[in-house]
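First chain written, first letter: the chains are A, B, C and D, and each begins at residue 1.
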Amino acid sequence: MGLRTPEEYREGLRDGREVWVRGERVDDVTLHPGIGIAIDHGANAFELAFDDVTRDLATCKINGELSSRYFAPLDTLEAVKTRSRLIEEHTRRARGSLNLIKAVGTDAYAALRSTSFAVDRSEGTEYGERVAAFYAECACADKSVVLAQTDVKGDRSLAPHAQPDPDMHVRIVERRSDGIVVDGAKAHTTMTPVADELVVLPTRAMSEADADYAVAFAIPPATEGLRMICGPLPEPGSTFDRPVSTRNVEIETLTVFDRVFVPWDRVFLAGEHQYAATLATTFATYHRFTAVSYKLPMIELLLGCATLIAELNGVGRASHIREKLARIVQYLELLRSCVQTAAASAVTVEGGWYLPNPVYTNVGKLHFAQDFHTIVQYVQDIAGGFAITAPWEADLLSSDTGPWVRKYMQGAAGSDAELRLRLFNLIRDLTASDYGGYNLVVTLHGEGSLQAQLLQTLRDTDLGPALLAVADAMDVELPSVSTQPTSPLPIVR
Amino acid sequence: MGLRTPEEYREGLRDGREVWVRGERVDDVTLHPGIGIAIDHGANAFELAFDDVTRDLATCKINGELSSRYFAPLDTLEAVKTRSRLIEEHTRRARGSLNLIKAVGTDAYAALRSTSFAVDRSEGTEYGERVAAFYAECACADKSVVLAQTDVKGDRSLAPHAQPDPDMHVRIVERRSDGIVVDGAKAHTTMTPVADELVVLPTRAMSEADADYAVAFAIPPATEGLRMICGPLPEPGSTFDRPVSTRNVEIETLTVFDRVFVPWDRVFLAGEHQYAATLATTFATYHRFTAVSYKLPMIELLLGCATLIAELNGVGRASHIREKLARIVQYLELLRSCVQTAAASAVTVEGGWYLPNPVYTNVGKLHFAQDFHTIVQYVQDIAGGFAITAPWEADLLSSDTGPWVRKYMQGAAGSDAELRLRLFNLIRDLTASDYGGYNLVVTLHGEGSLQAQLLQTLRDTDLGPALLAVADAMDVELPSVSTQPTSPLPIVR
Amino acid sequence: MGLRTPEEYREGLRDGREVWVRGERVDDVTLHPGIGIAIDHGANAFELAFDDVTRDLATCKINGELSSRYFAPLDTLEAVKTRSRLIEEHTRRARGSLNLIKAVGTDAYAALRSTSFAVDRSEGTEYGERVAAFYAECACADKSVVLAQTDVKGDRSLAPHAQPDPDMHVRIVERRSDGIVVDGAKAHTTMTPVADELVVLPTRAMSEADADYAVAFAIPPATEGLRMICGPLPEPGSTFDRPVSTRNVEIETLTVFDRVFVPWDRVFLAGEHQYAATLATTFATYHRFTAVSYKLPMIELLLGCATLIAELNGVGRASHIREKLARIVQYLELLRSCVQTAAASAVTVEGGWYLPNPVYTNVGKLHFAQDFHTIVQYVQDIAGGFAITAPWEADLLSSDTGPWVRKYMQGAAGSDAELRLRLFNLIRDLTASDYGGYNLVVTLHGEGSLQAQLLQTLRDTDLGPALLAVADAMDVELPSVSTQPTSPLPIVR
Amino acid sequence: MGLRTPEEYREGLRDGREVWVRGERVDDVTLHPGIGIAIDHGANAFELAFDDVTRDLATCKINGELSSRYFAPLDTLEAVKTRSRLIEEHTRRARGSLNLIKAVGTDAYAALRSTSFAVDRSEGTEYGERVAAFYAECACADKSVVLAQTDVKGDRSLAPHAQPDPDMHVRIVERRSDGIVVDGAKAHTTMTPVADELVVLPTRAMSEADADYAVAFAIPPATEGLRMICGPLPEPGSTFDRPVSTRNVEIETLTVFDRVFVPWDRVFLAGEHQYAATLATTFATYHRFTAVSYKLPMIELLLGCATLIAELNGVGRASHIREKLARIVQYLELLRSCVQTAAASAVTVEGGWYLPNPVYTNVGKLHFAQDFHTIVQYVQDIAGGFAITAPWEADLLSSDTGPWVRKYMQGAAGSDAELRLRLFNLIRDLTASDYGGYNLVVTLHGEGSLQAQLLQTLRDTDLGPALLAVADAMDVELPSVSTQPTSPLPIVR
């Protein structure tokens, strides 16, 4: 099969999938204006393979065939590093907007692969082969693969089986000879209406009582009983007024599983509850590495906005402005150093692939999620009030208002009102709009909450050297304190 | 005349004023859907006087006639405190959304009044009488009075007269026997298209070379040559989906002065450059007191959102959630204590009125502007990803998707999916939307930038006691260090 | 009896009390150099009554006799405000160093008084009279009264009765006809070796199983079985080099109760476990009000240090320096506004006295404890490296090194090397020394930890208005949510 | 010659150098108790070469002879990385206390080497050979080489030549045939009284008018006219009570140059003012790389303290404690990732050596300096009040107080009172003592102020990619904006 063109990807989406927008069924997702933006955005993932500049980065031979590099085995440190570069460059070409249509499903690939090695070894199951076969098929057919992980959860203080309604987490309701039947719903499933395959993973550790909830599998979005209810969709419009949100936006659904059947060859976990945590955490770690990689271009874009608007406003030399620019640089480069260190010090997991170093991955993710609102504040602070009050393209183009807008939107000597206006609009689009709000919340909650990352960071850390330093400083031997990282990751030590 | 009804206010806006939306002239602002939202919001300011609950707070006798309390003289400490309560309560009834249609113009009143006492005394001018007469007329006719202060500024590193284009700050281009003619443009003028009067003030200190820019005056928005170019407007829609932004939003314009004539009796400063700073700073202080007062209900609303969504999500007992709720309480109550202390320790200015204590006013404003992005982060953090992915009212109402939405949007035991959905939508509307973006930037830049407030805070502070404490601790006499506050405020010491 | 002189106070300490310093018994505390500094510092509390400037503030008539105002009833809002001013002014005269020798014991007075009203009413006990009699005696004899509250706690995750060693919290080990016998130890008891009376309070809520730990009483420090083991003591030295730490330092002990007998008339709680939380929390609130009051002069002193060293270094005009000065001002004035608002909105407790508003008190305490390290950073940042490397008085006085020191420690034009050197030494003493370290930790842990204050703040808050605002914004009625503050305070509502 | 033993190093310091302590001349530095601590600390740098564990890391062949690796050429990326490991490991063995006796002088080596290539090429000078010869001699004789850079500065707002007293920066006062004579004083010169050689560098950019101040050279501390006036010195004492400050402390002097003669072969810059900035900035970058490396063990030690005390206090499972531990981990690992990235992406400078990547170096330094006070706060917060009130070793050893201390200083089940006491003492020593204060200020000001690093970070950054991203997002070409980093570093691009 080999690499698909963007047009082939687009065509593949006309398969009768059940997508709902504001209570109405969408007949053909490719014809819907809002979903269409997500499809265009998704199509970028296929364009990379046909662009002279990105081809080498975006493709590689897999099983002898030229394929998307997203499916490449992470069997060398170089492969980990290259994957990060691919995600970064992909995002850069999507105006800093994350584009998970291939990344998230292959993050799941790596997690399923190493976890299934562990499960199969202990439990005598054959998940490993199924995982390998499924992804070989996806690579060969150049499919986009997305993910559903976060359950709707109901009362978050209760375990899955203890909820008043047992469907608050996706679960096996029937085991048949040919496969399983699942019920439940997943929240915030990204790009499902415009993807080729959907992988489902558990969202947390499961006890024995939760065994039916320890389930992982893959299905095509057009599977019967799968219902995708779209949240907010982007809206088409002037690319002058909204340069990013008219073109590069992901969409999210509440994804309902209404007695969905999954054949056994696509079931990757079915009741082995003691591995739910491993699978969830390993996926989270791979996916946070994707996150730290895709965040770089967004921050770079914000840094560029702040730098340029400072110049155009004539305040580029002011001390407090330069301090804020330096803070944005610091935020960006601390993140970049985490990405590079996570790749350079990746660890080996069961099955022999590499996992980006969990400590640096979590620390990086925590860093960008923790401070992003502050960075947005810096950008808005430097931009000034025009970030929300600047006129629109139509005001500039009108022969009535255009001359006034051109005259009064001038900035520092030599700066062009149109450029300045474009820039204010870009800043509004990125930070002070529906899309800006999406950016803020995705940064906080994408790939897990702040609290989850704080605790994960601590669990991933070997505190031994720190305790040894204390003992040395005090000239004592310490009573035995367990310092092994406690994360349930399939790391080979 | 006396108090006007909301309907009379509405009617008064049909006066041929020149308002532009996306390059098109608006014939009748009351018929425009987006501007209509701003008019409804503005009408609140008039409704208060007819509501049994708020009447006493919102009205008082002025010159023997029942009038809006916004015009009440600030000649007692109690009056300062009551004004703050009025602004707070007014905003609370507008769903936490600031509503400046009467507040900002009367902030200007207080500033013009005390400054004109100083100017008249030194320069032999008669501005005081004009200011008094103008505002007596406004009070009597129950007008809404708004303000234009921030010039477009061009290259912000240059003084007004040194700009390549001399119109980057509003200036007098002709002095006639009957009045002055002004050119220029003001940015971010709030609610001008829906107000009865527009007061114009200088935005900064002016040197002698900038004398033509030291100008203050009042005109009706329908004055010839005054052109209002609207920035983003709110859009009508479901109040379930967007409970605030469909109903309570202010609008902003780029306001162009194209050879606008102002008769002398409405000119309040015309060339006395040494008072531009006093006028600008005094207004800023009064207006920041309005700001610290109107911010309380917005923060209270965010605290309510965070508290309730934590309960509905079933995480209200989690330690990190309670810490974040406590942080929001702290943010709110630190601000409230500044408001109360600023009122209780107001200072006397020329002419005998009170000015809210400038230190506490600036400190309070700085406090809320500095940390608002972080508070938004807490609310979004507690809410979770549904803050951007929750379904809409239409999804709930549809007989197809409604049942699924009701089932899967349930939260903690006993919580209603509809309530939870409304709440996610409210949180999105307030923090992660076009309106949310407006909130973030208005908080930063309304009433002056962070940097302006930092420096103003220091200039308002008497450092004498601190230096004396150092001298005492060291048992020395200090060489004379000037510690008098350096702000150009007309305080009577 | 009436007011005692500092000398009478000093003499009163020669009573055979059992004080230990580095393993050695101290025969006479007034002759010990380190403890002597604490006595001089404590004596300030008596000097205030004889100083013309402070007499009116420091004294008042109690039962017809001129007494220390520390014992004044808090039965008017004015009394609350005046107490705050007294504590502030007292601390200012002690170079910003807290001086609890009268404050903490009278904080306990107010807490014991209102709690005993509640206990006596429910339990038929007679604690109220005992409390009144004890404090009348203290007021009449002008005693210093200090406090022991924090138990040593052992394993902090276990309740008192569940500890492997039952003595980890002070407890009643025997009830006799004439009184009780207690065992245990209290940590961080401030100024006990140099006070006239010691009041003991429980440190936390107690369950029925912990009833023996619900104990409050008063004893003189010379009581048999009371052993005070001193922690770090201040050291005498040059007041040029260490202007504060040679003169104004409190001392702390580990205070052991080894079968200490307490007669019934000095027992204020003995087993009524359900009131332990009320007593502990009420005391904490009164004492945090003391804390927010005594912190003002320390911050003022740091602000003075930063302001003056900026001038002497010639950087007073630099933008980033002015920003940091403004931040210190903001920190100080936010705190001051909390103090004033807490006093102005104090609430009535059982027995009719006022309790400073618990919300503003806790918010203020939290504010200063949270950010003090950052303020210290600003001061050190502005000062520069000489804050730790500046020469000493002896270097200046020496005829060999003096000329070099005078020449090279010059600062901005006209500044005197000696003054600059004194100032660097003061900054070192306050922020980068044994005493500076004490300041940092006392700010964090004095009056309870950050976490305790965060949670207390939330428990003291009525969330009703915030929830109502949410309901209003969404046009719904809320299901009943309990919003009453949950703190166990004896507030009369 | 080869490697010297610690004893040889010690002997070498008895050379009549002029050191002053509190106004008194020190005859023999090796016999002075305070300076002796610094000598023991300095001796560590020599011990590393004789310790089986560290020998390989600490030594290498230079010119065919086994030498200290501190002098190794930085001509490979591996060499940069190894230098960082050496500094880290060296500091770890010094209980987290920085030990610059070999590091700082060899940082100067690298800076002098690359700068002299640039100067010699442009100016025809022969500094390169002198630098090479001097350091070959130091390597061969295994000397410790320290640095004087920060001038006393007088009025910091004035350039060197514009100061009222021209000696506020070190300057050439006479040029002779055999060398130069210099006057002035340097502040905060670290370890000069206990080093073998002193290198002097300019502290800032110099204009032509400041040419005499553009001077760099090396002299032995015993040179006539060099006077070292010690600031605070460490004090001997119990290693139980003060485990670090009794053993591992650097000392600082005010170092006066009173007509000090320097022969030409040790002069490395003498008037070529346009290279002063290059030399100062290049040194700062090398030295900040040393700083980010030496800071790791200190933070690791603080992390260990916090982890262990949480366990011993029985609060290791509390949510807020775990969050704070995770924050310390994050702080540490963000720094470590900067160190690793700075080494891995080092850049080539004139003469062919590597310079650690200036962006990551500055970002890392800024990161640790910015947040160190907060980390200290976390440690103190977790430790509790015993961090300042815990008893001493003598209290534990005394047969009178020992039993009480043992009983009441117990922590969580099974924890030993002695261990807990040692740990509280370690925490006090590191964070809340004279040495703790030194730590705070050194972290802020060592290697330049926060503001210097903020601005340096921005100057080191190539903003081109960020601006390109903005242009791409807006579909425009940007007018040419200069984005080349502006730092005066001798980078070969």
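In the analysis below, contacts are C-beta pairs under 8 Å (C-beta built on N, C-alpha and C of every residue); 3 or more make two chains touch, one makes a residue touch a chain.
All of these numbers come straight from a predicted model, not from anything done at the bench.
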{"item": "Most distant chain from subunit B by Cα centroid", "value": "D"}
{"item": "Of B-D and A-D, whichever chain pair has more C-beta contact pairs", "value": "A-D"}
{"item": "Rounded Å distance, subunit A centre to subunit D centre (Cα mean)", "value": "41"}
{"item": "Rounded Å distance between subunit B and subunit D, as computed from the means of their C-alpha atoms", "value": "50"}
{"item": "Numbers and ranges of subunit C residues touching at least 2 other chains", "value": "318, 320, 323, 451"}
{"item": "Interface residues, subunit B side, partner subunit D - complex", "value": "318-320, 323"}
{"item": "Contact set on subunit A toward subunit D in their complex", "value": "92, 95-96, 239, 243-244, 297, 300-301, 303-305, 307-308, 311, 322-323, 325-327, 329-330, 333-334, 336-338, 340-342, 344-345, 359-360, 363-364, 366-367, 414, 416, 419, 422-423, 426, 451, 454-455, 457-458, 461, 463, 465-470, 472-476, 478-479, 481"}
{"item": "Subunit A residues within the subunit B interface of the complex", "value": "20, 22-25, 150, 152-158, 164-165, 167-168, 185, 187-188, 227, 229, 231-232, 252-254, 256, 258, 313-315, 317-318, 320, 373-374, 376-377, 380-381, 384-392, 394-398, 400-402, 404-405, 407-413, 428, 431-434, 436-438, 440-442, 444-446, 449-451"}
